[in-house]
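Starting off with a structure, shown below.
Lettered A, B and C in written order, each chain numbered from 1.
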């Protein structure tokens, strides 16, 4: 086995939703690669398709979603073509999703214990654990996310827990499954900064100790810098820039990435940035060319009609932008 | 403990409501035009007899006083004499109640499970033929008044495809059942008469269907939409994404939250069976409390009407308490919720 | 019409017609309304709506001359059916037109004076009416009065307002503590103003949805009362009394029963489908 093989590879994934007979093209040829044991970042504004990408990986898209094209290769096998049993196995051991909204991810009328143990039972199906062993695993995971009194938590119902506790329960449930890839959809966004920090550190530790791979989905560049080695910047359903986290942060090349970075509040800066003018385009009628065109300050004429391809910026850093390709993008 | 406390509270407020109900219905029956003594004793009774009747029944007293006489008797289980059957109302009720109880149980409980089953099937086969069929029948059956069901059943199953005993009643004359519980099917089985039990079942089937079909399909529809709504929730996606098999997800994680909101509706439906039974019992000649009540209403037999309405009110309120308890058992949030 | 207004109407129509069934319902309802209004013109034998006897034509099965056959008096069932539609629709509309405002006002008062004796008294009264199946008390109320169409409407109205009182009470009592209500009070708005400007707009969606869904149920209850002889009296035709007449002649003269029965089902179905569509417009889940 090669040392640096990719555990997950998304190739040209396009997904659309049908809402009231209108088709919205939410993901447009998304490519994403997760090397084994690495954590990569997926960053972008809310609504740009990050959550859709995560759900597509596990085959849990809403019923009105259509996968139009693409492959999602896990260890070389296309998840999208897996028969039910194999897909179940992938969900049980391959990848686990940490949900964005902890208040809705737990069943309101079923005890934490039942939810936790059912999940674990299938995650460790091959290991033949007794229910006492599963319970111990759950307690261990709850301890790992620093929840006090895990026994009481196990016997609670979601409505008896605070938002932060619920989020940690969700994380613990996914962690205890010991899956190969962790899909963390904005973990800890709903929590205090200090707790969020703890959770990020925890995930980072896990990557190192358990050789986990992680896709860290976030809208926060700070989190990306702290946790990931590679980053992908997503805008309106396409990945516009990607590569080694350091390199991307050093030389942001896509106008969108540059604008995002300018939005970061700096401790030394004065005042608040102006933000990015405009908003994410309508997905039911996206611009024909680059989707960032209407908001782009560097836009060229051709950007309106043509979709830019990949341009190599540095050895491990690429961008999809005509202006960058022509060297017309210069960060301030 | 909380459960117990909230139930006692419900019971206490129900008693107030039921007392209010007796006042309303009492006032209503006293508004019946005509002389109650004359109604009770017939057109040929001499004046002295009428006066004696009025004296004994406190009919010369003011209305509130009459009410308290009535109430103090009613508390002891004495509802007076029915002017229609000329028997004690309490005795009539004892004789007629089992038939209605048997009918309501069969029209209320098995259809509930059928409704859940159909709702689940319909949701799982969304926009395929089982779903279309369930929804189509749902719309049509909900729009069909109970008495129309009853009449159509008599025509279709009584005459056209004669599977139903057209004379009505609870049992064909060649059978005799020793009453134990008053529920014929059960009694026949206890008495070791399977043929009689089958006959009783055939008598019961169509009234029970007429009574329950509309509600069943409506409950199926509610279950369906509740299931579909919940199927898209994050907590279902969560367990699915963990690799929990679809069957387990549906059975253990989807059904429960989807059924809870329909429980209340189902309880109300069950209770309203007592109302629709008025028509069904009449059309199928079912010798129950409701057809007794119906006759009492049409004959302005006030003692009987008040008693029947009160008993139905008690059954109604009792059902809603049971429903609350079931909902509390199923939904942990309600156990904790403050009772207002 | 302003473009915004037009756009919102288009959007509402889109929501209403999603699924298609509600459009079918609307068509049924419109046809019924037209038939009811023009019954005297459409009916082949308009005189048969009254106490006519035509022995030579009695007990005829459906034919091209009598689409739905004739009854024992020789009257054309189709003509009688057409004439019964008006009172059927009137029943649904009038009962709601009277009971909904009453229920709304009771509910608003109880909700506004939450946790006072006013709430206790009003809502207990509501509970009393809701403690027995509506049909039972409606039968009892109708029975003590002269049996006719108007009195059956009164009986049903008496049983119908409590539902709207409870619905309004639920919404209003939860709004009661909202800041904007307190603000309105502080700025000196009277109760009448608050009801019209704050409570009504917040309850109207649910009330309208329930109303359209309820028309069918009111019609069912009206037909039920008429079926047991507590509504419109013969010879005036009503769906309920026609079925009751027909039952005596089952199974031979099945047409006397089947056609009015199917008519009721169609009318109620039509209104229920429309009600679902209205619920979709307001995003209110009907039952």
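Basically, a contact is a pair of C-beta atoms (placed from the backbone, for glycine too) under 8 Å apart; a residue touches a chain by one contact, two chains touch by 3 or more.
No experiment lies behind these values; they were computed from the predicted model shown.
Looking at B-C alongside A-B, one finds more C-beta pairs in contact between the chains of B-C. A centroid comparison over C-alpha atoms places A as the chain most distant from chain B.
For the pair chain A and chain C, the distance between mean C-alpha positions equals 53 Å.
Centroids of chain B and chain C (each the mean of its C-alpha atoms) stand 23 Å apart. We define each chain's centre as the mean of its Cα atoms; on that basis chain A and chain B are separated by 54 Å. Taken together, the chain C residues at the contact with chain B in this complex read 21, 124-125, 127-129, 131-137, 139-141, 143-144, 216, 220, 223-224, 227-229, 243, 246-247, 250-251, 254, 257-258, 261, 264-266, 268-269, 272-273, 285, 287.
Residues 231-245, 248, 252-253, 256-257, 260, 330-333, 336 of chain B are the ones touching chain A in the complex.
Those residues of chain B lying in contact with chain C across their complex are 13-14, 16-18, 20-21, 24-25, 28-29, 31-33, 139-140, 142-148, 151-152, 154-155, 158-160, 218, 222, 225, 265, 271-272, 274-276, 278-279, 282-283, 293-294, 297-298, 300, 305, 309, 312-313, 316-317. Residues 55, 58, 60, 62-63, 88-93, 96-97, 99, 101, 104-111, 114-115, 118-119, 122-123, 125, 157, 159-160, 170, 173-174, 177 of chain A are the ones touching chain B in the complex.
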